[in-house]
Amino acid sequence: MKKYRVGILGATGTVGQRFIQLLEGHPQFEVTALAASDRSAGKPYAEACAWKLNGAIPESVREIVVVPIEPPLDCDIVFSSLPSSVARETEEAFARAGYPVISNSSSYRMDEDVPLLIAEVNPDHVDLIPEQQKKRGFGKGFIVTNPNCAVVSFAPPLAAIHRKFGIESAVVTTMQAISGAGYPGVASMDIVDNVVPYIAGEEPKVETEAQKILGTLTNGAIEKADFAVSAQCFRVNVLDGHTCAVRVNLAEKATLEDIVAAMKEFPSLGLHSSPARFIDVLDEPSRPQPRLDRDSGNGMTITVGRFFPDTVFDYRFVALSHNTVRGAAGSAILNAELLIDRRMI
Amino acid sequence: MKKYRVGILGATGTVGQRFIQLLEGHPQFEVTALAASDRSAGKPYAEACAWKLNGAIPESVREIVVVPIEPPLDCDIVFSSLPSSVARETEEAFARAGYPVISNSSSYRMDEDVPLLIAEVNPDHVDLIPEQQKKRGFGKGFIVTNPNCAVVSFAPPLAAIHRKFGIESAVVTTMQAISGAGYPGVASMDIVDNVVPYIAGEEPKVETEAQKILGTLTNGAIEKADFAVSAQCFRVNVLDGHTCAVRVNLAEKATLEDIVAAMKEFPSLGLHSSPARFIDVLDEPSRPQPRLDRDSGNGMTITVGRFFPDTVFDYRFVALSHNTVRGAAGSAILNAELLIDRRMI
Amino acid sequence: MKKYRVGILGATGTVGQRFIQLLEGHPQFEVTALAASDRSAGKPYAEACAWKLNGAIPESVREIVVVPIEPPLDCDIVFSSLPSSVARETEEAFARAGYPVISNSSSYRMDEDVPLLIAEVNPDHVDLIPEQQKKRGFGKGFIVTNPNCAVVSFAPPLAAIHRKFGIESAVVTTMQAISGAGYPGVASMDIVDNVVPYIAGEEPKVETEAQKILGTLTNGAIEKADFAVSAQCFRVNVLDGHTCAVRVNLAEKATLEDIVAAMKEFPSLGLHSSPARFIDVLDEPSRPQPRLDRDSGNGMTITVGRFFPDTVFDYRFVALSHNTVRGAAGSAILNAELLIDRRMI
Amino acid sequence: MKKYRVGILGATGTVGQRFIQLLEGHPQFEVTALAASDRSAGKPYAEACAWKLNGAIPESVREIVVVPIEPPLDCDIVFSSLPSSVARETEEAFARAGYPVISNSSSYRMDEDVPLLIAEVNPDHVDLIPEQQKKRGFGKGFIVTNPNCAVVSFAPPLAAIHRKFGIESAVVTTMQAISGAGYPGVASMDIVDNVVPYIAGEEPKVETEAQKILGTLTNGAIEKADFAVSAQCFRVNVLDGHTCAVRVNLAEKATLEDIVAAMKEFPSLGLHSSPARFIDVLDEPSRPQPRLDRDSGNGMTITVGRFFPDTVFDYRFVALSHNTVRGAAGSAILNAELLIDRRMI
């Protein structure tokens, strides 16, 4: 099978490194281009990158010379982990130059004609792409996005509930890992023996993305799901894995067993990066925990637990996912697999 | 001025140590008796106790020989930090033997005739004491309690709101420090690079105590405040300081400024352990933080911040207090000062 | 190929869990017996064990009913991770009952007739076994041990030097991970924002084991290598991975390049659990680091770096290994593979 | 008593903040000038500074407008915590302009005519000042320095030994706190669940400063103490407090009791910032620990423990001090008190 040649924008950053790690040995993709800031351009990747993941830099990319972040790039597909400050302009340039852009940045997530995809939840939203290409005059290029790393933790269990019983409102309190801020990111003096009750720009993203993901595509447009989300976002002293405390009011009555069953029934996809279980319900009273559960399904499973009736809402529970795998690079790769499966690439 | 002689039940534990530290040099109290489990009894305190607080064991208590936890005790007042498993029986024995028992345990908190005191919030609840003495046949002894350490973080700001505008419901997500579990308490392998979504028995306490504290004493009985609290409780990798994410619905309309003003106006008491400000409103977007704010007012101030209108509730904010000072030993000592001031001791 | 049936003594502990994780899918071994304390015996493993490793309990052992720690056991080989307090008597009982006992405990490490093995360093010490069997009247059973988890970090690089240039003395300062103390082990209040300069019983072990490992087997007895080791051992806030600061004086002159070359030349074995590189020399000035390097070679590689001439000794360097893999279960499994290869099993 | 007016260079940094905290309420000094980089200049201190210490910014400095780092400054004495890259030129400019400069920077520490002071250890080195003023044409200004923060932990116990028995060589392995790198300093992703075996430029400083401090001032010049120090320096996951593992060879024989007695006898000074005990010998086997002991003597005491005969050296022990108090701002303030006492200011 011929492999797709992929390029990574922002290849030296925390998420860029995770892309490289997850693409190592991938049956459908081969990394052929690494683009990063001018400071890195011109150097072999192994020299340009301060690798911060467990394990060594894969041999297959060590000698690839980093190039500037602009088209053309020696690849068929572009994965972007650019900071939002530069993503908007650059990703458009790549799409306009004919590349499928699978982006982890926040820039285009809420644009009406751009799919905001969790592959298992709203795969049909890929049908927005022809609309987008026409509207923006993109030719065969396009942009799809994956959600904010905290949203990925709780949107799937909300989707499981929403499909069956509808949702009236949800309240989410997040405890987010330091890797979510990149490198150098969070100063150690800010997080050792501490909790920080503020992540710049995070709460609005967490309050708006789920409704689009759970929305319905009709006549070439997404009608957002009609419920309010309240978000309070905290940074905690954890390397990887965002934990979310969730309360939810349902549109229709359902028992606790109904809710849990809806989680367990939510199918995974049969794609290469799909975990055996998309949502894994843990029964132990002290789970999920980031250190123990973030790598479930190679970091692609959403683990949930502590389902209880709530005193103010209908139900409450805890949801967790790996923020740089399922919450970033892993979801983008799964989206690329979906796009190939749907013959969009 | 003659000092009251005080005894500490559970003197070698985490909260017992904090009692000793806070009572060092106190103008009204002098530690004269230290009671602990049979394993410690008979040894000088410095030998019996694995001291885990910053700084050395105060000289004044090093040589006090630890005695068993039973009356009589060589003191006028008893502070109890007993585990709830033994507190109920033992504290009653001391009250019955004529000692004022100021307890940090959960055993009696929800008993109808026992004050559950935050000195600044419901000082008039001390008037339950004669009722209690009569009903239980206690003579001059009695029991008063202070709340769960997480409740102390958010009940004061709720009280500020409740007094002026009433409360319909509140949703609290706690991020609690490891010292709250005592010593050895939380295993390091459970909390390093981790969050634990479960604290045994905690959520029910957090959901029920605030309504009693904010209740009204009428005709010798407390009518609880009529609102629901939802609690999800997490253990995080912080030594001291419980952080609470709070959403609240008001009974009457109020602006954000009204809410904040209510916090600032809430008076401190003029007692020895009273902080200059009872509730301190921080304006910086990233505060309060446990490492930076837990020691505010010598650990007796409640710090709050991040007041915003909420998308599901009326308002949201973050509240923090020192769990072994304001949340335990410090509150108990302040309650003793209040009882002296009110001539109950 | 027929698999050897293996039993694990102390199966519910930290090292026992690591044995199970590493044996999952092993081509030569199949776990058939799990033995643990009376409290666990009689329960299915999944119920008896508080699993603390990343990932779920392997399906293959979940339903195995835990049995008491005594022969007979339904297996061909016994891996022991018993606490040293009970290991001496119990391991002897198993050896006497005919089982090869591959032990991670310290009880027999320094016994003259018991091999203390690092498979790559002193594989010929397995030839002590017939001697041991004869002397102790063991029949076909026997005991082999692997070293203390800190010793495994620095003994291999010392061995590389010793073989070529001899060693006069070595000074080692260890920074050891919390998992080395098992579970619950180190209390979080002891290690968060802290370093503990004391690990009970550790410094003597670290000062004596290397000389036996680097000793010479002649006429059925090991002559220990003749150099002194000084050890200061610290517990640091790291989950896995022991870091050692080492200074060394050589018997013969050698250049820094000679020393480094000796490390790189040290061969790995071709056994299943052998890493591609036994000792991996890292050039970056800030390596090795436990979080980044402990999993090198699936946790079986010793990583070293920061080789410099020293102002007091000849040379200094830093060495690191994964304390529950290379420092415990992984080394024991590799030793079993070696014993099979040498036809001792 | 008239207070000296003091200015702080680098006032917004980690050590600058510690200067301000320690000078609050000081009987001899009053902060009147705060100098920082151009980015901060012109703003009130409370606005310019990202305060990272426990507790609030002292009221007395909140409104002081930060000025550029150049003379003249509205003060009598200058405390400098400038980064070494700019310290050399700037501190000379201040000395030349007539200010006593008490510096925490490394720039001048090893200059022959500049005292490198630990007030209790080598107070007579202040007699270098007239020499320095003459040689450099400084008028009444001058520069004195305090040592590297790790050196301050182990130089005092070495001094205690050196005075009585002489030292032949010493080997030091440091475990240093993150606050030593300033703010933002160490990235959290580098230190959570980790140890970093490298601190840029640190090992040479640690290997050379002690010999000057323990040197003898004769005929206007310091003759350095004649022994070698070996240093391996590590960053560990601790907020404040540098821990040092020390081995030492003595010039003359001494018993362990002699060594410990020498520590206990080492006198403190009677100055305002002097701790009750300069060197405090702890007997518990697991002390000193940074979290428990760094604040001993308000952060000005050196705590030591774990004295043992060593297998390679004569003796070994562990030493600890607070790196931003005794290791930086506190030592500088004590040096200023000494200079006043010696009538150099």
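Going by the order they are written in, the chains are A, B, C and D; count residues from 1 in each one.
Here is the rule we use: contacts are C-beta pairs under 8 Å (C-beta built on N, C-alpha and C of every residue); 3 or more make two chains touch, one makes a residue touch a chain.
Quick caveat: nothing in here was measured; it's all calculated off a predicted structure.
Chains that count as touching both chain C and chain D, per the definition above, are A, B. Using CA-based centroids throughout, the chain positioned farthest away from chain B is C.
If each chain is reduced to the centroid of its CA atoms, chain A and chain B end up 41 Å from each other.
Centre-to-centre separation of chain A and chain D, using mean CA positions: 47 Å.
The residues of chain C that reach two or more other chains are 52, 192-193, 237-239, 291-292, listed in rising order.
Looking at the complex, you find that chain A touches chain B at residues 169-171, 173, 175, 192-198, 207, 228-232, 234, 236-239, 243, 245, 247, 285-292, 305-306, 310-313, 316, 318. Against chain C, in their complex, chain A makes its touches with residues 51-56, 192-193, 239, 291-292, 294-296. Contacts from chain D toward chain A in the complex involve residues 14, 52, 178-179, 183-193, 237-239.
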